[in-house]
Amino acid sequence: MSKSSMPKSVTSKTAQSVASDLNPPNIDLACENICKQFAGFTAVDNVSFTIPQGSFFSILGPSGCGKTTLLRMLAGFEHPSSGDIVIKGQSMLGVQPNKRPVNMVFQHLALFPTMNIEQNIGYGLRRLGVAKPEIVQRVAAVLARVGLAGSGNKEVGQLSGGQRQRIALARCLVLNPTLLLLDEPLGALDLKLREHMKIELKQLQKEFGTTFVYITHDQSEALVMSDQIAVMNQGKFEQVGTPHQLYYQPRTAFVAGFVGDSNRWQGVVDSSSDQYLSIKTSDGLSIKGAPQNAAILSSGEAVELFVRPEAINVSREPQAAVSDNQFKCIVDTILFDGAKSQIIAIEEQSGGKITVILPQTADFYDLKKSDDLYLQWTAGQALCFSVDNLAIESADETHSVSEG
Amino acid sequence: MNKKTILSASIMLAGALVASSTFAAEELRLLTWGGYAPKEVIEQFEKETGIKVKVTKSNNEEMISKLKATRGAGFDLAQPSQDRVASAQQDFNIYKPIDLSKIDSSQFISSMLDATRGQSTVDGKVYAVPHVWGSSGLIVNRSIAADVKDYTDLCDSKYAGKVTYRLKRPTLIGFAFAMGEDPFAAYSDPAKYKQIMEKVGMKLTDCKANVKAYWSGGDAMLSLMRSGETVAAMAWDAGGWKLNSDNSDITFVAPKSGALGWIDTFVLPRKTKNEAAAYQWINFVMRPEIAAKITESAGNFTASKGSDKFVDAKKKAQYQESFSASDIDNIKWYPPVPTGLEKIEGKILDRVKAS
Amino acid sequence: MSAVTVAKKIRLGLWLLLAPLFLWLVLLIILPHFELLAFSLIDPEDQGFTFEFYLEFFQEPLYWRTFLRTAVMSILATILTLVIAFPVAFYIAKMLRGRSKGIVFAMCLIPFWVSELVRTFGWMILLRESGVISNFLQWSGLASGPVELLYTDATIMLGLVYTSMLFMVVPLVSTLDSLDDSYIEAGYDLGGSNWDVMREIIIPHAVPGIVSGCIIVFMLSLGNYLTPVLLGGKDSLWFTEQIYTQFITRFNWEQGSAFGLLLLLLSSLIVWAGLKATGQSFTKTMG
C-alpha cells in the first residue's frame, strides 16, 4: 500500500458509513449454513446470519456451545465443514487468515511481549508494507484515539489490564478491518474494570464505526454493548435479536433461562383459555402463564415456566385486586446488595423457593426472616415453553434461579 | 543409653569397618596392558594366594601420567616398557627400587633379565624386571602389497590411501632407521636427534596423503586391515599374527631396516601398598606354564625360561615365518629414552598432524 | 533476646543450605582451576614465575591455528545444530500433541542412552569404506567402488551436530512450549506470512532458548574429544586433543594447564562476544 492511498481509504470508509445511514444497511458479514464437525461431534450446526455494517454483534452462549469455533472460522483458523462465509460480498473459503479483512482481539489479548506498544500496533502496518513515517503517524493517531497517546515506547508489561485492552483494540483498528472479532477479551479483567471496559468498548466501536463480532458467555456484557445478540447453544443459534427482544421475548426456554435471572418451574398444562394457560407445577402450585411458542399447548402437556424476579410484585398484605397469580410466602433469606438486593422467599403451600427483588420502599425497610410476604404476577409475565424445546435442558435445575 | 555410649559404640563400629576393609580383602592393583593378565591366570592366582587382583588396562604414556599425577600411588604394580623406566624415574620419581632377592631369577631368560637390569638402573638401584617382549614392524596383506618390505615402502604411491600407522614415537624411530639414520645412536646428542627427527617429519608429511587414518587403538588397526580398507600397516607383531590366524594372506613382516624391539617390564610404583603381593604376582606369572598362557592371550612371548614348549605350535610357526635368524639379529632394541627427546618428537608429530 | 536467637538460627540455617553449593564451587570448580593456574605459571625447572607456556600458544602457529580451527568448526556446528534443531523443536512443541509428542521427544533422547564412544563407533560402522552406506551405494549402482565417508571435516561436523542435537532441542522445545498459540495466530491474523510470524514472533520469543542452546552446544563441541578424533582421522586437529596430548603423551602438564586455561578463557570470550553481537545478556538468558 502506498503512502497516499491511505487517507483515501479513510475517506471512502466515512463515505460508506454516511451512505449506510441513508440506505438500507450494507451487509458486512453473511454466514450461510455453516457447519463444523470435529471427530465425533458437531461444534457448529448449520448456522446462518448476517451482520450489517457498523453494528455490534454478540454471540452469547455457555462454554462449549461452539461460539469460539464459529469465531475462529470467521478469522480463518478453522475451516467450515460446509457452508459459506461471505465478507463484503466475497467468499472467504480458502482465504488464509492473513489475507482476510478481519482482525481479532484474543481472549488473553496476545500482545507480543517481545515488542513495545508501538511495534505491536505497527506490526500489521509493516506487513502491508506501509512506509515507516506513515506507520509512526498512524500508530500515534490510533493511540490518541484509544486515549493512550504517548505510550508507544512502553513495554507491554508496563501497562494496566485496561490499557492493554485498548492497545489490543488499537492494534487491530489501525488496520481498518471490515470485521473486528473479539474473543471474550474482558474475561481476564476484574469486575470493576470489566464494568468500565464494557462502556468503553461500546464507545470505541461507535467512534470507529467498525463492525464488531463479540463472543462471550457473560450475558451482561452482551446486553450492555450489543446492537444484536445471537444466543448460541449446542452449535445452533437459539435466537437472534436485540437485547430487548432477548430479554423480554425469549423464543426458547434456553434463552429465557440463559439471558437474565428467572424463577423456574416445571409442570403440565392444566387447562387453557384465550388469555392464559393454567399450569400445575411439579411441586403442586397452580400458576397462570402465557405460552411463548407458536405451538398451541393442550392439557397434559409438559411445560417449563419462567418468571423474572423483577417482574414479581411484593407486598406485606394480600392484594385484594388480585393479579393472575398470588402466593403467600415466608422470607427465608435477604441477600442485601444495595439496589440489587433480593429476597429468597419460601412459598407456603409447596415449600419451593422464589427469588424476588427487594423493593426499596419504606414498607420493606424492616423486613426480616420469617416475615409473611405476598407475591403477585400477571400471566403475561410467566413465560411458558413446551418441554419439547428443552429436552436438552437438565431436569435437576428445576425451580432454581438460573444465573445466566 | 546416653549420648556418650552411642558415640563410642559408633566410633568402634566405624573402626571395625575400616579395619575389616583393610585386612579382609588383600588386593593387588595392577596397571598393565591389555592381554597381560588374562582372566584364567588371575583366577588361578587368586585361588593360590587369596589375593584379589584388580586390573587397569593402559599404555606407556597413560601409565606414567597416572603415576605422575598421584606421585606414584594408586597401584601396586605397573608394566611400562623398558625404555620408559629410567627417564620417568629420573624426571618424576614415581617408582620404587626392586629387591631382586625376592624375585625367582631362575625363571627368567638370564640374558633378558640382565639387559633390563642394566637399562633400568638409576643411581645404582634396579627398577625393573622384564616380562613380555615383542616388536613393532609391518603388517602386510601379501596378496596385494607383497612388496612392502620396509617402513618407507608405506609411502609408495601404489598404496595411496591404503596404509595406516600410528602418529607416535615408534613410527618416527622406524622411519628414521628405514631412511638410513640411527636414531638410537643420536639419543645422547639432542641436536643430531632433532635434525634426524625433522627429516623424518618431512618424510611423514609427504607420506600423509598415503595414509588412510592414523590408528590409535590396536582394535582400530586390526579392523582396518581385516576389512581390507588398508593393505599395509606399521604395527605390533602380535597384531599381525592375530590377523594371520583369520586370513593367511596377512601377517607380520620384519622390516628390512629392522623390527623395533621392546620389553614390557614390571616396576613397583613408589607408593605401592602391597609390595609382597606384587612379588608374588611376578614370580607367579613367570612360571613357564603361566607365561605360556599370557603368550596365548597377549600374542607376544615372555622372558620366562622354558615357556616356549607350552606355547601353541601355530604361534611358533607364525613367529618363525615372520622372523628369520637374521631378522632376529637385526631387531633394534629400544634403549632408555633420555629426558627432553619427547618434546622434540612431540613438536614433529604435531606438525605432521597439522600439515 | 529471643528475636536475636531466632535470627542467629536463621543465619545458621542459611549457611547450612548454602554449604553444598559452596563446597561444590570450591572443591570441584575453583580448586582444580587454581591448581591448573599454578601449573601453567610456574617453571618446573627453577620454580620461578613464567609466562612461557602462554607465549608458546601464541608463538607456535600450530597451536593457535588448531584453536582457531576448533573454534570455527564449533561455531559452524552450533549454527548447523540450531538450523536443524529449530524445525524439530518447533514440530515437537507446536505440532504434536500428547503421546506422539512424548514419543518423538524420546526419539531425540534415545541416542543418549549409549555412551558417546558407542555412538561414534556406530557412525564409523556406517560411514567407513567397508561400511553400510558404502555397500548400499555400490549395491544400488550409485557408486562404482567403495566410498570413504569417514575422516573428513564434514564427518566431524556430522558427529558434532548429532552429539549436540539434544542439547539444542531441549531448551528450544521448552521455550517454544511456553509460546502461547494465540501469539502465532495473532501474527497471522494481523496479516503476517509464515516468514513474518517466524521472524517477528516465534524467533524473538525463542531467543532465550536459542542462546542457551547455542552456548551449551558451542561449549560441548569445543570441549569434545572423542568425536573429532575418531571421525576426523588424520586431519582431525582439535584443541582438546592438544591438551590431552600435552598432559598424557608429553607429560607436559605445564603446557597442558596453560592450554586448558586458554581454552576456558577464549571460549568464554567467544560466548561473550556472541552475546554482545546478538544483543543478549547472560543473566537474561539463564535467569
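Order of writing sets the labels: A, B and C. Residues in every chain begin at 1.
Methods note: a residue touches a chain if its C-beta (ideal position, glycine included) is under 8 Å from a C-beta of that chain, and two chains touch if they have at least 3 such contacts.
This one's a predicted model, so the numbers in the text were calculated from it and none came from an experiment.
Visitor: In terms of CA centres, which chain lies closest to the overall middle?
Guide: The most central chain here turns out to be C.
Visitor: Which chain has its C-alpha centroid at the greatest distance from the C-alpha centroid of subunit A?
Guide: Relative to subunit A, the chain with the farthest C-alpha centre is B.
Visitor: Subunit A to subunit C: how many Å between their CA centres?
Guide: Here subunit A and subunit C have centroids separated by 55 Å.
Visitor: Can you give the whole-Å distance between the Cα centres of subunit B and subunit C?
Guide: Chain centroid spacing, subunit B to subunit C, equals 36 Å.
Visitor: Using mean C-alpha positions as chain centres, tell me how far subunit A is from subunit B in Å, no decimals.
Guide: It comes to 89 Å between the two C-alpha centres.
Visitor: Residues touching two or more other chains, restricted to subunit B: which are they?
Guide: Residue numbers touching two or more other chains: none in subunit B.
Visitor: Can you tell me which positions in subunit A touch subunit C when the two form their complex?
Guide: Listed in rising order, the residues of subunit A that touch subunit C are 75-77, 96-99, 102-104, 106-108, 110, 112-115, 123-124, 127-128, 171-172, 175.
Visitor: Where on subunit C does subunit A make contact in their complex?
Guide: Within the complex, subunit C contacts subunit A at residues 180, 182-183, 185-193, 196, 200-201, 204-205, 207.
Visitor: Show me the residue ranges of subunit C that touch subunit B in the complex, using the header's touch definition.
Guide: The touching residues are 62, 65-66, 128-130, 146, 148, 150-151, 229, 233-234, 237, 242, 245, 247-253.
Visitor: Of all residues in subunit B, which touch subunit C in the complex?
Guide: Per the stated touch rule, the residues are 61-62, 64-65, 68, 91-92, 161, 167-168, 208, 211-214, 216, 227-229, 342-343, 346, 350-351, 353-354.
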